[in-house]
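Below you'll find a set of structures to go through.
What follows is subunit A paired twice: with subunit B in the first complex and subunit C in the second.
Take a look at the complex of A and B:
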């Protein structure tokens, strides 16, 4: 089940081009920074997840993994699947697992790309410190947590509404807003602040370990908000599945 | 035994299924009715993907929605609308469904190959489903329904898109596997069930109007099916008043087959009723020309 669901994700036409585009853009960016010295490369390395990495992750979640939860209806196999022994709750949980495994591999792949291109190819080797590498992996872990949460959130939305376009509109809009509403002028805990950080982008962009100082209250509020989002969507999903007799 | 008790499915003021009560034991049942009669809705209730507005369905005394996984474990279902993952090969798709049916992968591999052979798709098992014709996709659908060797097999218009030889093959498969099973197949094509069904369920506007063996249904129509030859003008004049089963046009004359409880014409002769006549008797046939 897992193997064949993974195949559905891997064979998606968008996966390979996305990875290639990330590699090409990153090579160009780092090559450009290389002209200004290896210190610039290191500075830039830590900003990989800020736009390019996080946007690609968001794109892959929305266009690839989420489709897994709407595919049955699109391909007219929903009733067949729902009348099999494990085709309801077990399959749903298995698909969440499949989507998270797939995204985990993507994040690790991107981290390796980032390391190989930025540090191993362009860096002279003198400035690569343990601290830089540690901070890189710390960011990766943050990105990973954010990615998993966003994957689960979009999966719950897609499974609830059984529509990929609706999921794209809802999640794409909120995720996209975090790139439009940016800047130091935003007041903490305001609506703009929620829109900027509230839809897992704070974690996916790896902001937690890039900040100069960590605001514990801010992290606490965001953790609470993320929990409300996931639990709220889970409850809605359960209710809708029960109504559709899918549990 | 599958027991349907007062099952009703209502959408606002419209009844898709109305107060259906019957029992299904081992054997092949043909669910016959025109389009929109409520066949698919009743089947969706029987496979537990649709909760009836009223009534319940039990299997061996237990409600199917409570049986849940245990019920689905003995169930095979082919819905009216069936596609299949277009990027999967027939073999991959069946293996995927087999895993969802909880079949061990080694057993599933053998079972899948056997079923592909049975439905005549062995030579295209590595071909992606997006390249399949409607009939081939339907056969994949039939194969997936048989994967777990189900005790209850529900097929919603399984012959749609199949050519005559495939229809005959399907009849053979159903007869072969029918022992110890409840098989319910819906259709609006009479010949699909004429030869294989032990009992026919006639459904009209959501209501179950008959549940009898084909022989009993035919016996009830004895002496009411007539055939005669009339000229085309007379035919066109009287057409609306006739319960017409068939009309063959031959050089200005028309040979008609009609249902009437009285002798329609002195030249008319009675003939042996067929299941097709039953269909016209209960549902009419306004589109015969």
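Take a look at the complex of A and C:
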């Protein structure tokens, strides 16, 4: 089951073009920053996840991995699959595992692309400094955690509503909103603060370790909020699956 | 059976629209409440005039993309597409019923958003000065094209309202054309919504890097004369009052072109 679903994800027509577009835009952007004489190598390298990397990850989660959970209904084989022994809960959990493995590989691939391009552009003396920089790896781990959480969340929403468009609207709009609501004037723990930081894009952008004004309490509250989101969505999904006799 | 009523009934069954409406309403109110200030003369009209150009056009775009992308693909996704081709009125008459629905939906979306902000602003500011001229308000608006200072607030608002309906209908027709060619609502949302969002992001983030280059020039032209520019009224920034005919051409020529292409594409695909 794992191999079959992984194959479906890897052979999706959107994956390869997305990776190629990311490489092209990243080469262009980092080359432009290098030409303008910027000495802030690490900052430029870390800026990969700000907009380009995070948007691509969001795109792949919403249009590639989430579709896995709506495909059966679209192809009208859902009823048949539910009659099989492993066609309910086991299949659902296996698909979540497949989606998370796929996104893990994508994040590692993007990290390698980010590093290779940056290392090629900058001179030898600066390369070693870049590779041993702790914040780079901290950022990668943050992005990984955010990606896995978002993948699971969208999977739960898609399976609950059984509709890819509805998942796109709910998750896509909240994800995109965090790019519009930005600014130092946002009060902590306000509704705008939740909309900016509370929907996984904050982690996927790798901002957790780069933000200068974030404290332990804020991290704790965000961790609690993300747990509430995931657990709440899981309970709702379980309830809906039980009603539809899909457990 | 009345085809138009049937199309409306089918349209009202789409759950995605209600989710998008709730989201857009909440977001509009949130954004407007962030900029509310103590009441001063003309502030009601100033905020009403500024709403569409800064925030409202995003909500219009989201609601149109979500709604229109479900109209044609619904039949393909439920498998009744082939059956409809055999129906006596399943071609041109059905198409015009759908286009009528698209027009009504565009009017409803714009009216709804203006109603929401009208209620919000009227609870924060006094509604006075409907017959006062814009020059008395002395503010810069994204719609402030040259020579418009002698219009009253009421005239300017009516102009904006009608402009937004026509611009929204034009954008909705573009979405409708794409939906005839693509036939999957998720892909349509991705293409059209993504294109709109990408151009906005390019304008906000990437144009800083290549504003003086040729790529920057092309991208800013694409934004200026595309649907982003049309819905945000960006096109009107350098327009003079005696050049309103250019605005009419800019709005109506795409509509005529799109209706022709839609009719051709739909009838071509409707052959059994």
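Things worth noting here:
As a working rule, the second predicted complex is superposed on the first by the 229 of 247 C-alpha atoms of A that agree within 3 Å, B and C clash if a C-alpha of one lies under 4 Å from a C-alpha of the other, contacts with A are read in each partner's own complex, and residues count from 1 in each chain.
In the analysis below, a contact is a pair of C-beta atoms (placed from the backbone, for glycine too) under 8 Å apart; a residue touches a chain by one contact, two chains touch by 3 or more.
All values derive from a computational prediction rather than experimental measurement.
After superposition onto subunit A, partners subunit B and subunit C are found to sit side by side with no clash. Touch criterion met: A:165 reaches subunit C, while subunit B stays clear of it. Chain centres taken from Cα atoms put the angle at subunit A, between subunit B and subunit C, at 80 degrees to the nearest 10.
With both structures placed on the common chain, the touch criterion links A:15 to neither subunit B nor subunit C. Contacts of A:51 after superposition on the shared chain: subunit C is touched, whereas subunit B is not.
In the superposition on chain A, A:63 makes contact with subunit C only, not with subunit B.
Of the two partner chains placed by superposition, A:230 touches none, neither subunit B nor subunit C. Using the contact criterion defined above for the overlaid structures, shared-chain residue A:29 touches subunit C, although it does not reach subunit B.
Between subunit B and subunit C in the chain A overlay, the least Cα distance found is 11 Å. Listed in rising order, the residues of subunit C touching subunit A in the complex are 15-16, 19-20, 23, 27, 30, 34, 62, 66, 69-70, 77, 185-186, 189-190, 194, 197, 201, 205, 209-210.
Here subunit A touches subunit B in the complex through residues 1, 4, 7-8, 11, 71, 75-77, 79-87, 91, 245, going by the rule given at the top.
Considering their complex, residues 44, 47-51, 65, 69, 72-73, 75, 77-79, 81-88, 92, 95-97, 99-102, 141, 144-145, 148 of subunit B touch subunit A.
Subunit A meets subunit C in the complex at residues 29, 32, 51, 55, 59, 63, 67, 74, 163-166, 168-170, 173, 176-177, 179, 191-192, 195.
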